[in-house]
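Quick one: structure below, then a few questions.
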């Protein structure tokens, strides 16, 4: 897994950040849900996954898709509605998907992917090859009954399902504290006897360590597990939503940048030279440029073909 | 509250049991959900309620309605579809209701009354007279997401809501252990910081004591509370459902009869003489006879009137 | 060819599928040792065990969500919801995910899921009596079938369990106790094919599920008075077999649509429009439930639903209407 | 009389109601300090505080359930769901409880609840673009209104917040940024009254919500070619003002129904049937969404929804159809 080492993790986080910047710079960007600030959760989690595992996530899916190894050009194509996207440009924002790459994908209904992921886990359990399903969702999803119904059945049936809450402390404008009563969201797992923990979602190493521990638990038949990652969203809820947070709060959040944090750590540890860093930045710039060119070259879909492919 | 003393509780439990026997003896009984065996939960709970509180419950509503003080004749009339019922014979089985008597009533959708009850609690909170809403539901309802969504909002908004799970260990044929992962169903309240406890639902005194403690907590602004009562259903799920339990299991359950249990206790304590007991039985017989006669005398509804009363 | 109960026909189709297809599973409340509310799964648990015949909690949303996810990931689940009323709790996974998955993923994901719903009224009250077929058939990506007899119950379930996308299989509380002949050799009834349940020449009654027997009873009453009705059993609501309906109506020139659900934006409205779009104006009338909740009260329930007498009267007044000439142009 | 935005008209009606009625409250996601996704609740939180303008978790089922219970127990809640797609999560309390409460309790319980839903497509994809009005208007006990302009947005919201039973108020993503004149003095628009948005003599186009502006644009295109369309804005879907529609159609003799939702069992089917039941055969045609999910893809979204050009073409071909004579009787 490219992200299984720190340099790889750094590169993937940088790629996600850069690809999103390129996306929002486009005139045809439209409505998008950005991962900016939350890259460490997706990248740290993906580092613990095996090729046959399936990752499902919320509409905030760009970093998760790239972390799972989807081609940046294909992702960009899908996001701007071109046929070179894995969904032929029909899924687009909020509905990225490529099951063949272990990315069952995004579903833009909040908490909508939870029971779906449990179903995927049921299918993987029946296959019996040790693969697991992972569902990545936001704090907002923890207000939905789907969390309860899914945890209960997953625990009863010992499904190979890892639930990962990317808790960026907000549901659109609503602070998590105003929407959710539990002290920690991982507390929700306790009544069901589901193994759970909460980590700093801005620290990719912490996320990866927890994800490795919990995926092992799930993979070895221990039943479902629940991981809460506390993160920060650097942009407004969506490209079409007003920012509701104070600039001071945003500034403090941005100071926690998971990319700078890992880069600094690696520098301090002597694991990342200035040249390597510059080379990384250069590679990322090149990848993003190539991705945009690839997407750009792909046509928009033909309606009649799409409309014939229903059900 | 008539049931606030043991003799009263005994009388109400006997009344519910006897009324149901009279009901099922009727040719026009039809589909009914009986409380037989679970009378102590309804009666012990009702003993803790004040006139302006509102009780909501599942479709298994006969003992709760009588415990709340509804007229037995009116209840019987509703159950057999006569206009003398509080719902003019339209609600009938599974939908008994008389808000004026503090019985907001039954709703036959499993877990369907949970969020409704929270809404009633919100209205009572706004009224600010210290009244509370109480929702009585079965163990089966604890598999539904409504429990989660309702507890979360009730805790956040400190709603005056008491959730009471009448856990008779089965959802139709499905054992609670096969449907619900938590060790105790009252454990579900913990993540939300909701005060909770589990008691023996076949002991009306234990139910009443717990209900008094938790209603005080809720009434005094402590926020919602959760009470689990472990009970036994003496008849099959409904009058039209097959019995799925072994006769040995049923026999053991019936040995826990909450009515005999209280009667014996009162005898042992010298609080109930043989004559008083006989008098009680006589009163109950008379009440049930009167209730049946009253219901019998009431006509069936006129469709056009009913159909004009929609929305 | 043996005579079996409707519930046995359903059960046989499911059993044969589970025998033949190791990926097929059944999920639902009390579908296990209990054998289903109507015994329509009787014996499956004993034969296939708890891993393939799964009792679920009372959690319709998750039941269907799990079915959708499992189907999308390689299993062939049948999810049973005993009362169609409660599909209202499960429409998000069914409509927002299953019906859209193939389209939105560019064909990467298929959802070969069967959701079995029991519709109709039988004395259980306002929240246990509803029929929402018209809603489900309007969802692009969902196929909806509704057998009226034993042979179709079997054949349509076989087809549903072989489909490559989500199928809603609608049965009816009043059908389970009925019986009828069933061919011993395995066979399917294809989707999108209506059946002529009774040939006739004066008027066409189009119905599905339990209402087909009501239509046939009405046709019996009417034949005594010399009115000869053709009864069309839709069997499949999506896709809809308009050709068979139109063939009948172009013969009779009079169409009565009959459904147990609500008339407003109902199946009858859709059929009446499509038939007239193809055939031009014909005498049409629609019959369905009264616009009110369905009470468990025997008097109210009976008054709110179509019965043979009401259907017969509707046909008589339909045949009385002669003027179908266009109004003066303004 | 001032010119205001659609969102301001909604907001004013809600504000005036909360001012006048201490039992009125608002609940929804981001309706508080944020002022609603479309700023349609802007300023209410500051004016009425967190007890009366309540941000909720993302829990549509409980949001509506709480609204229903609160309404049944004496409050007058407005519950806002930003995307109509997600009412699919909340249909149980709305349909199985609110719509049935008055009937099933013999009038003891009323549910004066307004559920505000935002329908329609605007680039957000398969699960954020749907229109389910036809489903909701078919439920006995629910009233459904859908304004197309500023004045009706205000007047219908005022009426909704004074109704004695559950009301579904449907607005549209593409309407919030529109503006129009609004009378300064408080007033209501009664339910059950359609409006003639444009008088015309050759054909009647019936629409609601955002599609009214599409119909008007089409009428503009057509008038250039000498075709004079009358555009009827339904405004209220339940109750439905059939009289106004029939008056128009008996004048024009041609009816085009237009909706953004699905055609199958849709609003157009209902209107076409009712109009012809009253007027006899007229030239009818229905236009609605393509039978496919609505992608966020700009090309696909545009191709799946009616636009002025398609409406104009539908009117032209409708007027080309002359033969509405009945088929030969068999």
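We call the chains A, B, C and D, going by the order they appear; numbering starts again at 1 in every chain.
Quick note on the criterion: a contact is a pair of C-beta atoms (placed from the backbone, for glycine too) under 8 Å apart; a residue touches a chain by one contact, two chains touch by 3 or more.
None of the values given here were measured: they were computed from a predicted structure.
Steps from subunit A to subunit B, minimised over paths through touching chains, total 1. Per-chain CA centroids place subunit A at a distance of 41 Å from subunit C.
Subunit D has its Cα centroid 29 Å from the Cα centroid of subunit C. Averaged Cα coordinates give subunit A a centre that lies 36 Å from the centre of subunit D.
Looking at subunit C, one finds that residues 56-57, 59, 61-62, 85-86, 92, 96-97, 99, 103-104, 125-127, 140-141, 291-293, 295 touch two or more other chains. In subunit B, the residues that reach two or more other chains under the touch definition are 89-91, 95, 107, 109, 112, 143-146, 149, 152, 156, 178-180, 306, 310. Chain contacts here are complete: no pair of chains fails to touch.
Those residues of subunit D that touch subunit A in the shared complex are 29-30, 32-34, 37, 55-59, 61-62, 85-86, 123-128, 290-293, 295-300, 303-304. On subunit C, the positions that touch subunit D within their shared complex are 61, 85-86, 88-89, 91-92, 95-97, 99-100, 103-104, 125-127, 134-135, 137-141, 201, 238, 250-253, 262, 264-270, 272-273, 276-277, 279-282, 284-286, 291-293, 295, 323-330. Across the complex, subunit A meets subunit D through its residues 28, 30-31, 81, 89-95, 107-112, 140-141, 143-145, 171-174, 178-180, 241-242, 244, 300-301, 303, 306-307, 310. Of all the residues in subunit A, the ones that touch subunit B in their complex are 143-149, 151-152, 155-156, 178-183, 187-188, 190-193.
Of all residues in subunit C, those touching subunit A in their complex are 23, 25, 51, 54, 56-57, 59, 61-62, 64-75, 77, 92-93, 96-97, 99, 102-109, 140-143, 165-166.
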